[in-house]
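I have a structure here, written as structure tokens, and I will follow up with some questions on it.
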């Protein structure tokens, strides 16, 4: 007699019970990390914390006595992709601080010792000004300057994490990451950027031969949010004596590199953007972890400058909506190459401050840029920083908006 | 007070219990299939079975009264990748039937009405001979002919599944797939090749715009086995009146297309080859399903001809061992293109038989070829067949072996 | 004392005199040919002419007593690119014969023994009909059939060059190539397709390892003409027993493979198309030979079917007008790959006739196709044919026209 | 009667006379330049010469009263490729100054105010030292430092062209380019690097959208010489206030990025390298201008450090000897990408000096590097410099030599 036909799936209850069980287990973590996600306070790593970081924390009353860094407890980390989608999934009223700022930025520039453009199209260094001392007028002008120059640098800063967080709140809703390491359980919204830690703890496999990966590749921060990242402020308080540069590229200029025909083709299109971390699919827990994916404008208009920018990056753009997969791949690959190969739209920044004990800040606008953290120090010298990201508006494309060069009356050839 | 540090993972027991539970649930299936794996006998599809197939089964006493096709019950399908690895993981004594065959193939050719080479480098059709009638001497000669011509065709065949299976056993250990659809639960070792069924049942998304996928792309069968596929015999008993061709490309000729310097570089190297289906990783069940992966010779010597062949295919070659990932990708992509772009080393075969009620057989050697099932019929006309694969030796590279052109004394330019 | 500044160029008169001298020297020839252009009658090659070709010529009173093949004398071959541009540079009234033909093709099909579609999307063979016997109604229907099926084949033909030429005149202005080998100096408009001759005489470097080149690569004929090629009729009178297939791909289907968004992007665009041969630039004779280049619609509407076709090919499309060079390169490369990788829109044809002494004709429409002459016979067996090309209309894009699948009501997914 | 067969070529005498005539006409020039080569002194451009350049020349008694720049007269410029090959075609005894230098470089470093490595793997700036004041011991040590660090920078230099030339002679045979603009007819061996001039005069089409081209792309200088460039010393005496950076990449590090298997494959191979300028082929004057091409070691050992370096660059490497053209293309493209995509093996340098009236020098070793002159200033601010190149040894591969990381005992992963 023939065996009776039976369904492959046991009862739906069984699956649900198992899925529930999964929910109590460890989170999946970052897609490039091979190790497990650690939670709670880290005991042993505090000893390896750079002296300059410890001094900064001590100076500003930051408590790291429980260990360092800190990752939220297991039950606070989303396990399922629907839980991750639910985070900040509603409209948040964003105020673009740069919009009504003085175009001449007299308050900001007047207080600085020097304002130095590092290249023609991207990157400005402000010398002789403490970020901690900025008034609101200056913060507005700085927001506009970042919107225009893509990234702005301040060396020799004495900046507390608390002040850095306060600045972030001024420029938008501060992103609180559910599982990225933090300073401690009080300072929500500050992420610890410590590649040596990620590398050893999470198995991020950076080596000399494999020095492209993690943040050490072209990417844009937090593109998968309902309202993706605007200004990110990375303050490095421990910097290798040599190396550890970061390179930024301008999305305005990338857009201006395209032919009018290709610009027109991309204008108004959307793409799918994904998160760096992965989560379980409740309906299909065995078919592999999933990214949070959201659809945004591929060419977006910056609300302060009104200029169009090419919003793509190799690490987190999944596909262009409306194209066949292979078409999308070919065109995205070309768009990435425009960002990456045109060295005239990039700035490479060395973080080294001249004054001991002080840190360096870079503030860039993720709406209009990609960046790449160069990993040439190979973990031999500490590189440690704190990062605060102000989320901005829901990306939009204004068909009336102009490209940067159009708006500035520059040659379009 | 600060929260206490807690490990992200609950006790190891919890994980094991959950994993055990997972094992009783549904298998993951083919990596390109979006739907669930169905098990047992299929009731409703039998009605759509082509008349010519039904007639063949009836003629040869094949029982499909329980439904059609049949997939083993859930508890017989491996869920975990370690279970899948365990299948046929030990050496099996393979006898190469072509090795001692008469090089002139007098018994085989003498019985045929016509022997027609379809192109210079690949593909021969034998006319006027029934596969079911071959004696052992002829089967040996056919094995050698396949080894030389890569693929051999027989039209107008009246071939029972039982006889097809018997032929397969003669040429090697017959592969029994743990979850691919079969005729019924008695006929282990015969796979049902019915793209319309796969397409609707498993969500294999073939459409006109997406006609590349599944078997409709360049691939080689069963490369992940401990002893991968040798001769595969596909007998099509239902064939579209127009379309549904299959294209094969020769691995001997692909190797001969390379420069001596690149040949030398590849000789002796190995690559990782993966299965089409995926399974749960017991140690890391949430990090996504895994393929069975095995390491084999990248350039392999065929035991019957002694000729070297390039053993790669776009669908199932993961990487070349010993190269950096990007190097491997670039070189594999080039090797795929050699197979795919050189139309002079390919044969395109139309299965149409001239006599109604009869089927067409193609017998090819997977050790020395790739193939591509053209999906131009778009499911509008039935295409149905039964497939038997004889596994061969553990792939090896004999440094003394020659390329086909070298051995035949042909120009190497 | 400093040397006096002198212009690099001698007087303009000197240059002109030299250029004039150049004009009397040898022409440059085909861009892939390494050797010199031979002119006049070829004495020695006539002995290598295949017997079947000689018999055909003898049967139909074709005079090859002066040698074979024949290339126009030196003073009749254009040397300068402006001279080459001047050929057929004016509008010629083209009549599309397929336009008003009976859509059911009753006259043609009724007279045939069998009409067999070789694949779903491209290629039809007509059996049991002599091309030489077609009446005008049948010729019109054949033009429509070619327009629909892209390429149509006739085996077992007894066809004189004179009749082949007459057929060509019926379907359009017959192209007379200024320097491609001909039968003799009377039969203008018939090109000799004899790859063995090209290979040895002109240094076309085909070998097994380099079997992609010349006609043995994806191309479309005569795209650089003011009114490019419509129907090309190749009659092969000497065919290798094995091998020497030709593969065609459909431009309708290639267009239908694209997403609606990419179709819209390409609709109405133009590209630059170049000749196979090169000529001296009179203004800049030392900066290298030039191609004749003309701008045509990239997506063109076929006047008989009204369907849109993707008019590109790897060998002769220079760039898309209005795109940056790198953009054009990336998008064209993608479009070529659509033609080349989708095996479901290709047909591979074996020319072998069953009856000795007869030839095989393929008639394809260059407006809607690419083709590739497979060179697997390696010159070991003769392959010889005569080709007549009927030029068609100036390519145009009708914004109201539909794709083939749209017009036929087929699924667009 | 049939026309008589005539050869396409007129008598050989005719061709020779014409070719001789061509030789007296204008040279062809740089392959990317669209305009004609200008010869002699340039009258009108002197007015556009930057003030800082004029001041430097005046300060050091450099005569530009005849015009500026100066290009050798027409009859001194080679027109035929054989003439270009004849330049420096014999072995010249090269002395590697870095070879016996003090590894600690005490004389050089002791005299400097600061020695600053700009990144981990490439680029060092020496502060507080005038190049014009170096003694031989220091010059030897500098040669070794350049050999180790790939490129060394000196800002705030007061350096005469004469002194720059003298330094060049110390480090090797100074290259005298037959047609690149010079300061005047006395100062052989100094090339004028003035992109604004090249751009307008020669039609080098740099624009914002096309900012990759000429020197503004990845290249290595003078790779086509019998003894290619060693140290190149570019002294910029006019520098845009913002922009105009140059980026260098290390060939040692590029080699160290490769897998041992690929390293072994490339070790001992050679490639063909071509010149930037083109010349007439005397035998085939109409088939287009030709580059000077020479074969060199693809992996070369540096005589001072003994380290292996990857000697390729996108602009001037034609092909790897012994590979099929497509293989060579794929592998070279990969090797270029290793240089270009790994930002950790690059340094980006801003030339801006802090002291007005002084210039900045960069000295790099072309044997072990590529570089890219960023064109973001768009010609709006002058960038002008003088360049002296010391040619080095015939490239060689020492199978006993080590990679940089091997020699330094660094991790090879």
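A, B, C and D label the chains in the order they appear, each numbered from 1.
By our rule, a contact is a pair of C-beta atoms (placed from the backbone, for glycine too) under 8 Å apart; a residue touches a chain by one contact, two chains touch by 3 or more.
What you see is a predicted model, and the numbers here were worked out from it, not measured in a lab.
Mostly identical positions are employed by chain B and chain C in their mutual contact, as over half of the interface residue numbers are shared between these two copies.
Put simply, the chain farthest from chain A by mean CA position is C. The geometric centre of chain A is 54 Å away from that of chain C, both derived from CA atoms. With centres defined as mean CA coordinates, chain C is found 39 Å away from chain B.
With centres set at the average Cα position, the gap from chain A to chain B is 45 Å.
Under the contact definition stated at the top, the residues of chain B that touch 2 or more other chains are 209-210, 257, 259, 324. Residue ranges of chain C in contact with chain A, taken from their complex: 257-262, 265, 269, 322-324, 326-327, 330-331, 333-334, 337. Of all the residues in chain C, the ones that touch chain B in their complex are 117-121, 207-212, 216, 242-243, 245, 247, 256-257, 259, 340-345, 348, 350, 372, 374-378, 405, 410-413.
Contacts from chain B toward chain A in the complex involve residues 2-10, 14-15, 17-18, 21-22, 24-28, 36-43, 65-67, 73-74, 77, 184-185, 209-210, 280, 285-289, 324.
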